[in-house]
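Okay, so subunit A shows up in both of these, paired with subunit B first and subunit C after.
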Partner chain A sequence: MKIRMKVFFCVAVIFLALGTYLSGIALTQEKVIKFGAPISITGAWTREGASVKNAYELWKTMANQKGGINIGGEKYKIDIRYYDDMSDTNTAVKLTEKLITEDKINFLLAPYGSGPAFACSTISEKYHVPMVCGQSSSYSVFSRGYKYVFGIMVDTRYYQKPAFELAASLRIKNVAIVYENMIWGIDTAKACQEHAKKNNLELIFYDKFDSKAMDLSSILLQINAKKPEFLAVNSYLQQGALLARQMKDLKINIPLVAFGYGPIELSWRENAKDAGLYMVSDTQLDVENTTNRDRIIGTPADFAKKYNEMFGYVPGHSEANSAGCGIAFHLAIEKAGSLDPEKVRDALASLDEMSFLGRLKFDKDGSRLHQPQYAVQIQSADPKVKPVVVYPPDSAKAKFIYPAVPWDRR
Partner chain B sequence: MLILQVVINGVILGGFYAAIAVGFTLVWGVMNIINVAHGTALMAGAYVSYWALVFLGLDPFLSIPLSFFILYLGGFFAQKYLINLIIKAPLFMTFIATYGISLIIENLALYFFGAEYRSAIPAYAGTGFTIGTLVIPYVRIGVLMVSLILVFSLFLFLERTKVGLAIRATRMNRDAAKLMGVNIGKVYAVTFGIGVAMAGAAGSLMATAFMIGPAMGGRYLLRAFVVCILGGLGNVNGALVGGLMFGLVEALGALFLGPGYQESISMGVMVLILAIKPTGIIGRAYYDI
Partner chain C sequence: MKKRYHYIGLFFLFGLAVAIPFGMNRYVVRVVTSIFMFAALSESWDLITGKTGYFSFGHGVFFGLGAYAAAILMLRLHVPFSVGFVAGGIAAALFALIVGIPILRLKGHYFAIITLGIAEVMQGITLNLESLTGGGVGITLPIKSGSMDEIYSFFYFLMLFLMIAAIIASYLIDHSRFGYGLVAIREDEAAANVLGVNATLYKILAYALSAAFCGFVGATYAYWITYIEPSDVFGLKFSISIIVMALVGGIGTVWGPIIGAFIFEAFSELFWSKFLTFHNASLGVLMILIILLLPKGFMEMIYSKRRLSLSGIIANLRKYME
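Moving on to the complex of A and B:
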């Protein structure tokens, strides 16, 4: 019995070793490009991190289904290694270094948010590894003369631009600007100041609020005391929805309220409830556009359909921009015909190709050359109904409702 | 009138804070455990209300007893079978253990419910009554009322019932209570259960006004901690006083010094209280008595 057992174990070990060896051969036969991404899988940015990861996965799936990335006639499959940065910038920085030095990834896909991307880009710069950011729009990320960081999203210099132009077209005279006290909010608010100057709007209130505050009534009451015609808010989802609801709570009527981010997201509308009605936001994704197309994902409508199939909800421009990181790398690697990071970096810098997000071309600082933006307005109290494009006039799908109906008449 | 409106908002906000902190202060004061999973328990309570709304159509205010009961059971058994194993270990060990529990619960929520923000905010949110130019939203005044009821009920429970007496005796002197026939293990399990149940009830209250997500607990945990320091450790009334004070300081600080400094002002007041009166405004560390 003992001898039989020994023989059994010997045979099992031989088969195991053989299996491992053969699977190793199979793996090495399939050429792979390794991407790395620190992602907020847990912590405060869990929801946002998931949207980034989903978009990367969508690009990987669609690209691999079509054979992968073509380098000099050879197809390379895409593999992405994720680590949870726990929504902590310091952790994201450490993980970025680990991805480069230990996991030997070829290229970096950025984490969620301007703060983490700002910090991680220092690591990518140090090791000369190109990193493309999908949901990091703060201009501070690109204004430091770094050569290895690129951004897909329209950067903060252009946020709220359509809303300010819309306000000027309505002959609005003054504006109050408030922002969440984070790098993105600070940069967007600065841009709003510039838009106000360009559109001859008098700035009558300018202040920040805390990103963890559970009550925003103090700042709202101070804004209300100034009686602005236009309120420009620059905040993330939670605080933006809270601010909209507390405007309704306190019955603060402002004819035009615009958010740099929020109303285009379903979760924002679900949480703002009917308080979000008539509020305005930017979007960079026109799902009905059929001229924007690439061979990997297709059109914006194809992207939205595939994303909904894979993850069960309709994506906004944030998810689209994250998928755009993959497309930018895909096109640049094929253009470079190499995995050499310097060549791919140069290919990214000189990229000029059409994609489902429109023209992919970067400025000298790595930010994306300005793309068309649209102002959208929430015109239904049902959060499932998407906001409609109301500006610029040639793209408008509905008439802009102005001024917002006062709370006591709704 | 602006300042009066800010004071009203500060008091209402204080009600939120009292609800968040009362369970935390009870567990810390009686058992000398800093329950890092308190925020996560609050998140679980918010999800109970969310699912009660989705499947049973229950208003979040009405699902408070449900989340209280479910979270009580969770807390009772977590203490009895997990935390009790290291109850005599240094404070740091229980700190780590509750941190581990919080990570597990948060990740389970992430796995089963997904990362999406959800909302259980009732349809009547945004309505309220007005007195002159003052506006008082129904939901927020409802939260303040329920918070007061929760704190007062817990106070009565501790003062007027035999179990409450056992809890108070245990927090004053564990060995003496044991000699008097108090089952310390059971008292700890009940205390932890009540603390977690209070967090669950607070979670249901938060669901009436804020977004729900697996990671929401962190922002509330810090506030519970500050309220405990302000009001005094282990003192139920202290949670109410600390909560109201915290709410008022935040609201008035935002008005006079700027909304961007809200958190810095609150933390500054906490440091000040620690320096002047380390036991909190009306509290004492019962486990030290």
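Moving on to the complex of A and C:
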């Protein structure tokens, strides 16, 4: 019996080794374009990192199903090499260099977050490897004159613009602005100050909170003392959801509460639960838009349907922007007709094509030329029900509920 | 005879270290630079914890102080890196002197907890002094001039120098009256006092020296990475990593923290590339196994009579379970 087991074990190991070797040969015989992606699989941004990876995988799957990327009549499959940056900037930088020098990737898909993207863009610039950022909207990433970094997300100068225009249309007179004390939060808060000036809203409160704060009641009580008509919050998912839940716990009623990022994401709504009801968020994705389309993914509705099939939930704009990184590279590589990084870089810089995300065209600094944005509102306490577009009026799918129903009447 | 082999071995390793930037790709140079950095930090941490028994959980604060001191001077006053480098070490040492006087009166867990608290407080202060530190946006330092290879080699050799300096400092302290005093404090502080060792002074000096090295490394790190933010340099990552490295290698020894840093980083690189989602867990399990099987670190393998043998491992496990 013991000898039979040993023989079985040896045979199994031989087959396994052979299989691995043969699959390696099969892959190497296919023409492949290698993309590198440092991703937050562990650490503070695990949820966000997971959604980014899902979106990259969706693009890869859909593109490969259609044969891959066409370069001069030859089809190239897409392969993406992932490493876990542990939501740490220094690690993301190290992995970016590893991907370029050791893994010999052709192009880079940026890590999650403006901080890591800011740091990694220095590496991509040094090595002249084009990098497209789907989750880095901080304008600081693009304002250094770098040539090899491009951004899909509308940058922070335009965040919360729909919410402020909506507030002005409702004749709201004042606003309180709070932000998470990190690069993206600071940039979006500065943008909110500009929006307030443009829309004649009096700024009555402006302050920050820590990314690791477990209790935001102190800042909420200060806000409540000012009795604002409009609260603009600029934070990542976790802190934003915490703020919403504590508003409910403290029964702080503010007629309009808008987030630069958060309510549009399922994970935020699951975290905030019914505390997120009536809250507003920015989005760059209107799932019902039918004019935006490309030959790889299709329309926004096709994207949402495919994403839901693959991963079990309806995506928000951050997933769409991440998939948009892939689309931008796809279109640019085909336009360049080459894998030469300089040619692809030039093709990205001169790209002007339609995609499921809208028009893909970059400014001279690599940031995306401003695209339509929408304000969405959570109108159901069920987190699985996605928020509805309420602004601008010509895109609105439902009436905007204002003012938010007070906590004691819900 | 044995000592001669040690010197030959050291000379060979030094030669290998010098040759790496000229023969390997830039990623390997970056990884080895990072290893030297952690080795220097771990060795400097051991100057206080290994020698006096005062367990510091927040040593990353000196690393962060050194990084920000250099960054602020270089960015705001446009001083050259050499000035920022020295300032980083001095700033960290001065801070250690100031906080060391009160906190080194605490012992055991209380000292450990307060060092943790100090690190968190400094992170909070740095986040809020926006006009000086950039707050949550962080600071971008000027990029060193020169070709890519020159830049990589510069930081490689500077971290190597800092690691060697920390080793030499540890060795000299071990063989000095000051070192004997520190060991006496570790064994029995009250008895050391009675025997004429000025325990307070010795502890503060060891703490300041340890902090100075961390500050120099922090200043170098800031210039190397060119972008720092409070959560990056004051975070617990550095504090905990250097503790684990010293534990793996052997606390209280000259070579233990160095060996621990190399082993930890080598396994970290290996697991990262092989296990996308379980690398942290795999590394954690491995470190726990190492600490269970070799509670005194890898140096135990070298100095213990039993060396690495099955009977030695079983004896360690039994001792641990008692």
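Everything that follows uses one rule, which is that the second predicted complex is superposed on the first by the 381 of 410 C-alpha atoms of A that agree within 3 Å, B and C clash if a C-alpha of one lies under 4 Å from a C-alpha of the other, contacts with A are read in each partner's own complex, and residues count from 1 in each chain.
Here, a residue touches a chain if its C-beta (ideal position, glycine included) is under 8 Å from a C-beta of that chain, and two chains touch if they have at least 3 such contacts.
Being a predicted model, the structure only gives us computed values, none of them experimental.
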item	value
Side-by-side fit of subunit B and subunit C on subunit A, or clash	clash
Between subunit B and subunit C, more extensive residue contact with subunit A	B
Touching partner for A:94 - first (subunit B), second (subunit C), both, neither	second
Touched partner set for A:150, first subunit B, second subunit C, both or neither	neither
Which of subunit B and subunit C A:273 touches, first, second, both or neither	first
Which superposed partner A:119 touches (first subunit B, second subunit C, both, neither)	second
Contacts of A:42 with subunit B and subunit C, given as first, second, both or neither	both
Touching partner for A:185 - first (subunit B), second (subunit C), both, neither	second
First, second, both or neither for A:50, with subunit B first and subunit C second	first
Contacts of A:249 with subunit B and subunit C, given as first, second, both or neither	first
Touching partner for A:208 - first (subunit B), second (subunit C), both, neither	both
Touching both subunit B and subunit C, residues of subunit A	41-42, 181, 208, 210, 212
Subunit A-touching residues of subunit B, taken from the complex the two chains share	2, 5-6, 9-10, 12-13, 16, 103, 106-107, 110, 114-119, 121, 123, 125-126, 128, 130, 135, 137, 139-140, 209-211, 213-215, 218-219, 222-223, 247, 250-251, 254-255, 258-263
In the complex, subunit A residues that touch subunit C	41-42, 82-84, 86, 88-90, 93-94, 97-98, 100-102, 115, 118-119, 122, 126, 140, 180-183, 185-187, 208, 210-212
Residues of subunit A defined as touching subunit B within the complex	41-47, 49-50, 87, 181, 207-210, 212-219, 221-222, 225, 237-238, 241-242, 245, 248-251, 267, 270-271, 273-275, 313, 407
For the subunit C and subunit A complex, residues of the former touching the latter	25-27, 30-31, 34, 124, 127-128, 135-138, 143, 148, 225-227, 229, 231-232, 237, 272-273, 276-277, 279-280
